[in-house]
Structures are given as structure tokens and as C-alpha cells.
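Alright, structures below, take your time with them.
Same chain, two partners: subunit A is paired with subunit B first, then with subunit C.
Up next, the complex of A and B:
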């Protein structure tokens, strides 16, 4: 009896094993595993989930047939040069911590056997995760981190599609200069306010470096911890310094807290230009009308659809899938899978060296990207997309509206900002 | 004295009183049971969400949700004590340490699942805006929350000193075995302390929801700071926690104003380290 049961079990196991081996053989041919590290829990989980939505939609488009979308690989199912292979994304949670970024990237490569990596939104996490993939010789395409330092490391396997903060900072100063010319105003003083991790401190550094070139004096240079429970002392210093313009690099919790504290303490510079936090999808629902007038660096706004039909089409798909409009983060993370799939398709393999070579030869025209860029082409040394550039949006009536460059603006910028007391 | 200095002192007091209220709940649980409630910050978050949902679903202003938040958190504390904490009270020390940690992880993840990690805010609370005294700005919801925190702390203090139950709690805190010999039902005292500690952080959460953003991770930094306050004030000392909370609020804002704001929490924790070095039992510990 016992022996019989043992044999029966053995038979079932053999069948299962052969089945699983058969499916593994098929899978190896047809599925390309790409790792994605994002902060899916923790402080900025809402942002991570937003990035994840962008990635998932991109994979839907690559794997499915979308004949009316002018995006790389949209028209065919999967990667035609690899026998129609499908992309599969393996997500891993960094909790927003650099050490998890590294550990999860290593786990994805060594255990999940991913052949390429995308992510990780926060620059500090992207930094450690991409160090891990560099060591393991795995291509990493980042379209959502903006610290300039990331593409100054001469890594062989790391590529960045999106513009970095040195470009964004210069954009903001160009905006101020254009504003001076257009409105016949003059700015003298700038305050720099930034959170103190990789992203914020690099923006701060750039602001301090660039301001003198434009003839502005930096009257306050304030770094702070993004997880602060109270920022009244920071705002107190700003009020004392009384700058014409404030430039603020934040994540989302601090953007909300500063907005409330600016209002509470009555901090009224002529205007505030910002990075990142103020454009998170969680920001406006939390602060509502108090978010009006902030100017934010951006690569994407839905009003781009007026000049770019692709934006409207992609947003329609996004809305159908998730029930909300596509945000800047989702749009940024949306791009990396296309760039990787395009390179693998041209390389006709997922082997790292060949993919890197194909990435270096990437030349995606501007009409195939969601942003107002010339296209995607990587610098051979730094691997930064040389065609990436930023725009500025302003929150007007609780909507993000493109206001700069002036010639592609959807509405004129409201400047100076009305003081808090006079707002409804 | 510059106006900004006074402004910063005021701001320090406003956040300090709230810190005190959060920390008093924590120190009470520690003092009576020798259990660190790692879920304290998560209790704060739960109370803020209760307040948020009462506002969103029933239009109840956070100021009126205070009794409901307090009651529900009291009940939650009671249940968690009865079904989890009391089970490990006689178990190994490590189990006592881990149980509230598990509760914390459970609550935090359940909150993400139930309410998404998105940020919420109570849109139009009754109490809003600022009073201006010359150039000094006083946030009305923060001022009310501070006044409330002081009143609640005072009420607790009187309850512990004057009432029979309060005295039983204090006796248990001083010496569990002697209290037991004197006929104090220490299990009941434990349950009550855990529930009161939770209710206190519930009140703090309701106050905080009037002006602070709400999301599943909101308790993190508050929880961490309240541990620091409890240690600074002396483990189990309610007066100590009250004073240490205010002290840390002021040190944080003034430190941020005069030195680099990036280091304001470093200054707070440095103050804690120095205190521990000179007076390991904390300011008012014994």
C-alpha cells in the first residue's frame, strides 16, 4: 500500500516536472524578463505605484498590437526580431531606501534572472541599484531619476533617457530671464531650498553654481530632511532672507508641508519655481487650491496633446486601464521599456554586450516619444539622452498648464503670485 | 529679540505640546508594562484616518471627531492588549518586544491596502487660518491642538494622582509585585494603561488631522521622535515626557532656524545622547 502510494506520487512528480520543464523551455524563448525597482511601499509609495502604472502600460503596448500608435514596437506583438518575444516586468520594492535598491537589483539579476533593469525614481536609489547592475554587467535604462551625477559616473551599462537636474535648473533660470524680458521686471535675489538627499542636494548645488551666471544673488541656501514633521524654522529663515524668487527641490510629503507652512506663515516672494514634489499626483488632491501658482519643472503635461496627438492617444489608453489621467511620473517611467525593447529588437538578442551596443546606436525620432523632445539618442560617453529637455508647468485653477517655453505655452504664466492673504 | 526668534519659539511650543501628548501615551504603556509599543505611530495614523473618514463620509469636522477617535483608539488598545499583548506578558522578553512590532507592520500594510498610499487632507476644517499678532503668525488649528494637548495632559495627571484607579496605575508602575500584594488587579491596570495610552495618541491624531496631511506612513517620524522624548523624559515618567516633548519641539525649531535645518533632527538626537550620557535615567526618571 505504502509502496504503491510512493510510486503514484513519483509518477505525479515526474509529470509535473516534465510539464514545468517544457513550459520553462517555451518561456526562455518567448519571454524577456526585465527588472523594475520602485518604491512600492513607504514614504513615497504613491509615486512608486504611479511609475509602475506607466511601465505596465508601456509593456501592454509593446506586447500587444496597436497599429494606430506611433511608438517603437507598438504595431507588432512583442519583439519581431526575437520571434515575437514578450516583455515581462519583475517588480521589486525598494521602500525608497538606497540599500534596498542595491539588494533588490542584485536579487532580480541573480535569482529572477532578469536581463535588464529599469527604475528607481529616487536618484539615491537609482545610484546604488545601477552600481549593482554595473557589477553584474546588466543594462540599466533609467527614465525617471534626475540627479546629474548619475550620468557623470562613466558607467558602461547605465543609460538615462530623461533630462537631468542641471538641465532643469538652467531651464528655470532661462524662464526667469525670459520673464524679465517679456514682463519688464527685474529679479535680484534667489533662495535655494532643497531636501538633503542625492536629488535635492544636487539641485541645490546647481542653483548655487548657475545663479551668478545670470546675475542673481543667492540670499538663502537651505537644505532640510524630507521626512520632517515641521518646517516652520525653514520657512522662518526664508521670510528673513526675503528673496525675489524661491527655487524649491522637494519630494511629496515635504512639498505638502511647505505649501501649508508658506500659507500659515505668509511667505510671499514674487514667485516660487519647484522640482518634483509639486507635480506628484498626490500633491494637488492633498493641498487643493493652495497649490495654485507654483511653477514646476516638467517633461510632460496633458495639454501637450494639443500639438502632439500621440499624447492624447496614450492618455486615453491609460485612463481606460487605470481610470485616471496620466501624470508626469507615469509618463516618464513609460519610456524606459520602449528604449530597452527597441535596443533588444535591433540587437536580435538579450545578451548584455550586444544590447549596450544597440542602446548606443539608439535613434528614436521625436514623434515617437511622449515629450516635446527632438528624440532619443545617447551621448557615447555619459549615456545621457542628448535630445532631452524640460518644460515648465504652472498650477492654474488646480490644473497643470504648460507655461514655458513661452512659444509652446498653453496659457500665460501668472506672475507675480498673488499674496496668500488675498487668495480665496 | 528678533521677531523671527519669537515666531520660532511659538512654533516650537506648538509642535512641542503635540509631541508631549503623543509621547505621554507611549511612556504610560512602557511605565506600567515594560513594553515598548512600536505600533504607537501607527495608532496615530489610524486615528487620523478615522477623523478623515468621518469628515469625508459624514461631514463631521475633526474637532467633533475627537471623542470618537479617542473612544475607538481606547477600544483598539483594549483589544490589542487582551488578545495579543497579555498573551506574551509572561513569555520571553523578545516576544514582548516583537509583538507590537508585528502589530505595527500589520496596521501599516493594512492601511496601504485599504486606503492606498495616497495623501489625504481634511479640506475645509472649521478651524483654519492664522491669528496675526504684529508680525507673529499663530496658526489657529495648531494653537487649539496645543491647548487641547495641555488640557488632556493635565487631566491625565489629575486622574493618576487623585482617583483610586489612577493611584493603582501609578502603584503598578512603581512596583508591580507590591501593588499586587496590596490587592491591585494588575492585569486590569495593564489593560487600562494600554487603552489609555492608545486613547491619548488617538486624541493627538484627531488634533493633527486638522492641519496635517494623512497617509499610511504618517506615523513614522512622529513615532521615532516620541521614543526619543520618552527616553529623554525618563522611561515611564509622564511629567518627564511632557517637559521633554516641549523641549524637543523648541530645540528642533530653534536649532533649525539658527543652525542648518538639515541637522535639526541631528540636534534633537544629540540632545538625547547628551542627556543619556549625563543622566541615563532621563530627566525625571528614577
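Up next, the complex of A and C:
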């Protein structure tokens, strides 16, 4: 009888062995495989799927012929310098966990034989995934993670296209300074409010660091747990500190909770500038008109179409494919495949060292990106895109409207924040 | 438990040899990673079993010990250049002491009360680490990359050394667990589990033996934590101190069979590859089917086989005779 126990164990091991053998990958010709790690299941799966849509549309454009789109490689089918080779994205699910980021990056490279990597949305996952590709000497282009630490590691194979949180924070202070000049007002005090995971604490740290440089005094420094169910004490502290401007870094559920609590308790600073949560697709449906007048950092807004016809054309394709408008997350993830394909095309190979060299020589002009940037060009040391910057949008009449930089604004910013009492 | 038949010994040897040969036969990085995760959770399951399986202390706070192990060796390495192997021992001792500090007030708690206290304890640890600047707070810590060697406990070109280290850790934990249970301490623990009053009546120091169990369990779990840090090379509270890790450990042990030496190993060999491979095959669809399968399996086992898979195998073995 005891022997049977051991035999059971042996059986399970045999099954496991055969499972691992069966999953070895097969390579195809004329196809360039790029790995993409995203949180496709788990509690931020909706964001991961959003990113995935952006990536898929980008690949459609690279592989197909889109003569009227001014994007890298849109006009030809595939990569012309590589005999028209097509891009194929191999997606992998991280569930939002750093250890899966590492495991999936390694699996994609060693089993699926991908030659480059994109992803992973959450900065902590991007950290482990890009560490894995660094060891395996595979280029990684990230256009959707915003922790400044990612490009402070001096990795050889890692590049970031999108702005990071330190840039976003500076943007908000620049906005305040521009506003002071334009409207002849003066701000003195700032309150920093942030959720306490990596993203929020990083933003908080940057706010505390940058505020004195602009001559603002930080009168409240409040961190909280993003899954909090009651924030009346936090808002109470804010009311007591009575700052001129509140800067708030949040995810979505806490953004909704704070909006409701601000209204209930009548918190009325001159303005509230925010990060992330207020621009998630679920925010406005939950708060409706109460979301008006919040200012949010963004890299993308559909009203950019007024100045950039490219945005309208891409959004049209997006809408045709998925039936919804392109969100900020989809737009961010959309960029990385182009940057990689462009570098491979110029390098005329997918060999890692040559691709890295080509990435370092990347110079994509501003009119070929979806954002109001000068373009894409990487810093030779940190590999951060030196032209990346954020924009600020404001919710006006329940729409996201670009309000800063003032020269790309679709509408003037509504400032100060109208008192809750006077709002319907 | 104590005596093995020759056939049994032969079987365990065959399994061990098969595991040692595995990386030589299967060359992929990913299968090796799955096996490493299997060993790691099996080890934590074995450590949990000392508490939950033998001493009726249903700890849902093992992530705290795991995290303490991971953070201790990492901080020592980063700030004081202490070798990770020494960090491993220090982390284990710290976790054991923390376990004792928690154990003294909590070891009189029974059943759900102990479970609740353990959750609360682990959450407190998580919140502290999340806000404690010295340990990187929410941003976490990236380990410095050292040249690869066994001495540095770091390997960049291959996972195989990690595989053997974790296998050795697992075998060590099984041995320690087996040694404790076949000796006096194990009988005391089981007596306490059956009836607190009776055990007390027989003169068994209730608190003392429970404390021993917590300390050994914490030490082993912290070892797995240090391993995790050296393996992933990045730590943050969200990846090592969260409740889902504690729950995973309990599941591994309960599914395999709590209170049996090999139960947690069987639980881990089913659950870990299942969750890894369903993620690979089904996760990319974004439908969450993998999570559902995982949930259904756990419900089925707990409903039909409360003794765990080990119990099922034993029953099949009996019928076959």
C-alpha cells in the first residue's frame, strides 16, 4: 500500500515532465516575433486588455499597407528592409505579479524565441521582466510604465518611449507657473495626496522634491491605502491645511471615493491636479458631473485630433476594430511596436546588438507619433526618450479636454475650481 | 511514520533521482522555473504543516515570515555587503524570533482566533514595510547584481543552480519536519491538536511546544524568502508580503493533505504547475478561465476529499491491495 503512494507521486511527476516537453515552441519564417507581457487576468486585467488593443492595432498598421497614415512603416507591408517580414506579437499574462513578469519574459525568449520585448504596464513587473531580458540580451522597449527608477538602472537593452512620473510631476508645476503668468495669479501652498504603492509614493516623493524649486510650500503630505473605504479623515486634514492647489496621485477606486468625499465635505482649493485614476475609463461613468474641473496628467487625448489629423485617423481604425474610442493606455502601448519595428528595419536584422545600436540612433519626428511631442530620441545613457512629455487634460462638461501646454490646448483651462455649493 | 519499508525507500530514491536528473533532461528555462516554484511552495507548505497540520495553528500569515527572510538578506547584502548565505541564516533567526514574539501572546489562541491573529500580524508587517523608507517602502528593492557563483547565491546564465538549491532546501525541510514528527515533540504537538486540555493534563507544556513549532516554521519559510529574493532579484511588499501568498501556502498544504509529511509536496506539485501552465495557455485570452479552473479544482478537492490528494492516493493504494 505504501508503494502505491510513491507510485502516485511518480505519476504526477511524469505528467509534469511531459507537459513541459510539449510546450516547446516552433519558429516560423519571415515573421519577427516580439514578446508582450501584460496583466491580462487578475485585478487590473481591464487595463492590460486595453494595452493589448493598442499593441494589436499597431501591428496591423505595421504589417498592412496604410498609405495615408503618417506612422513609421505604415506605408509598406511589413518591414521592407527585411524582405517585408511581418511582426507577430506573442502575448503573455503576468497577472500583475513581478515574479510572473520575469518568468514570462524568460519563457517568451527561450521557448517562443521572441527577438524583442514590450510591456508590462506595472512598473514593478517591468522591472523584473526587463531584468530578465537584460540577462538574455534581448532589446526591451517600454511605452507604458512610468516609474522613474526604470531608466535609472543604466540597462543596455532597455528603452522607454513614454514620460515617467518625475516628468509628469514637473509638468504639473510648469502648468501652475504658466497659469500664474497667464492669469496673473499667485500660488503659495501645495498639498500632496498619494496612494501608498510604488506609483503613488514615487509621485509623492517627486512633489515634495520639486515644490521648493518652484517656490511653493507643501502644507500637507498625506499618503493612504488605495483600497481604503473611507477617506473623511484624509479630506479633513486637507481642509485644515487649506492649500492653494492639491496634487493627487491615485488609482481609479480611490479617485472615485475622494471625488465623492471632496464634494460631501466641500473641499475647495483653487485647483486640483491629479495623476492616473481620474483618467481611467471607469472614472467618469461613476462620478458623472462631479468629475468636472479636475486636471489630469495625460499623454494622450482624443481632442489632439484638432491639431493632429493622425490621431483622428488612428482612432477611426481603433473604433472600427474594437467598437470603442482609443483610451490613454491603448495609445501609450501603441507606440512601442513602431519604435522596435523602425529600429529593426534600419538595422536590417533582428540581431540584438544591431537593434540596440539602431534604437540608440532612433529619431522619429513628432508628426509620426500620437502625442504632442517633438519626437522620439533616446538618451544615450539612460535610454529614456528625451522628447517625451505629458500634457494636461481637464474634465469639462464630462469630457477630457487638453488644456496644457497652452499652445496645444483645445480649450482654456477653467480655473479656479468652482465651489461645490455653486454646482448643480 | 518512522519506519520505512525497503520498497518505500526505493521509491523515494527513484523520485529524488528523477528530480535530480530533471534539468539534465528538460532543457527549457520555463519548465525549470515551474519546478523551482513547485519546490518553493512545497517547502513553505511543509513549514506551514508544522503549524497547521500538526499543531492546529492555522496560520494565514506565513507571507510575513517569507517577507522577513527576503528583506533581511537583501538589506544586509545591499547596505552592509553581507553574503546572502549569512543573510539567509540571519533572516531565518529574525523570522523565528518574530514568530516567537507573536507566538507568546497568540499561542493560547485556538482555531479561528489564531487564524485571525495571524492575518492581522501579516498585514501589520506588510503595512510597515510599505511605509518604511529604510527598506525601500512601496518602491521596493532591486538587488545589486553580483558575479554568478554559489558563494554569491546568484546565477545569471542558467536557472539550474537555483533548481538544485531549492531542491536541497525542500529535502532539508521535509527531513526536519519528519524528524520532529517522529520524535517526542511531534507526538506532543499532535496531542495538543487532539485536545488542549488532555495534553495539559498530561503535563505537556502547551505554549512551549507550540512556540517551537512556530519558530521552526518561520525559519524555514524565511529561508524560502531569501531564496525568492536571490532568484527574482527584486522585492516589494506587493510581491512578498501579501495575503495571497499566505493563502497559496495554506492551499498547497490543505489540498495535498495537512498533517502528512508528503501532503504539501503533492499539493504543490498539482497547484503550482496548474497555475503556471493555465496562465501560459489560457491567461493570454484575458478571460480568467485559468482562475476559474483553479477555483473549481480546489472546491472539488475540499468537498470530496477533505483529507487532501494524499488521502486520496492512500485510499487508492488501500483498494489496490
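FYI, the second predicted complex is superposed on the first by the 395 of 424 C-alpha atoms of A that agree within 3 Å, B and C clash if a C-alpha of one lies under 4 Å from a C-alpha of the other, contacts with A are read in each partner's own complex, and residues count from 1 in each chain.
Keep in mind that, in the parts below, a residue touches a chain if its C-beta (ideal position, glycine included) is under 8 Å from a C-beta of that chain, and two chains touch if they have at least 3 such contacts.
Bear in mind that the values here come from a model prediction, so they are computed numbers and not experimental data.
Asker: Counting only touches as set out at the top, which of subunit B and subunit C does A:153 meet: first, second, both, neither?
Answerer: second
Asker: Check whether A:135 is in contact with subunit B, with subunit C, with both or with neither, and answer first, second, both or neither.
Answerer: A:135 contacts subunit C only, not subunit B.
Asker: Between subunit B and subunit C, point out the one touching more subunit A residues.
Answerer: Here the partner covering more residues of subunit A is C.
Asker: Return first, second, both or neither, reflecting whether A:93 touches subunit B, subunit C, both chains, or no partner chain.
Answerer: Touch partner of A:93: subunit C, not subunit B.
Asker: Does the superposition put A:240 against subunit B (first), subunit C (second), both, or neither?
Answerer: After superposition on chain A, A:240 lies in contact with subunit B alone.
Asker: Check whether A:111 is in contact with subunit B, with subunit C, with both or with neither, and answer first, second, both or neither.
Answerer: A:111: touches subunit C, not subunit B.
Asker: Does subunit B (first) or subunit C (second) touch A:229, or do both, or does neither?
Answerer: In the superposition, A:229 contacts subunit B only.
Asker: Scan A:196 for contacts with subunit B and subunit C and give back first, second, both or neither.
Answerer: After superposition on chain A, A:196 lies in contact with both partners, subunit B and subunit C.
Asker: Where on subunit A do the contacts from subunit B and from subunit C line up?
Answerer: The answer is residues 41, 45, 49, 196, 223, 225 of subunit A.
Asker: Any idea which subunit A residues touch subunit B in the complex?
Answerer: Against subunit B, the touching part of subunit A is residues 41-43, 45-46, 49, 196, 222-225, 227-234, 236-237, 239-240, 252-253, 256-257, 260, 264-266, 281-283, 285-288.
Asker: Inside the complex, what are the residues of subunit A that reach subunit C?
Answerer: That would be residues 1-10, 12-13, 16-17, 19-21, 23-24, 40-41, 45, 48-49, 52, 91-93, 95, 97-100, 102-104, 106-107, 109-111, 124, 127-128, 131, 135, 147, 149, 153, 196-198, 200-202, 223, 225 of subunit A.
Asker: Could you list, by residue number, the parts of subunit C that touch subunit A in their complex?
Answerer: Going by the criterion above, the answer is residues 5, 7-8, 11-12, 14-15, 18-19, 22, 25-26, 28-31, 33-35, 37, 127, 130-131, 137-140, 142, 156-157, 228, 232-234, 236, 238-239, 262, 265-266, 269-270, 273, 276-277, 279-280, 283-288, 290-291, 310, 313-314, 316-318, 320-321.
Asker: Under the stated contact criterion, what part of subunit B meets subunit A in this complex?
Answerer: Where subunit B meets subunit A, its residues are 4, 7-8, 11, 15, 109, 112, 116-121, 123, 130, 137, 139, 142, 211, 213, 215-217, 220-222, 225, 249, 252-257, 260-262, 264-265.
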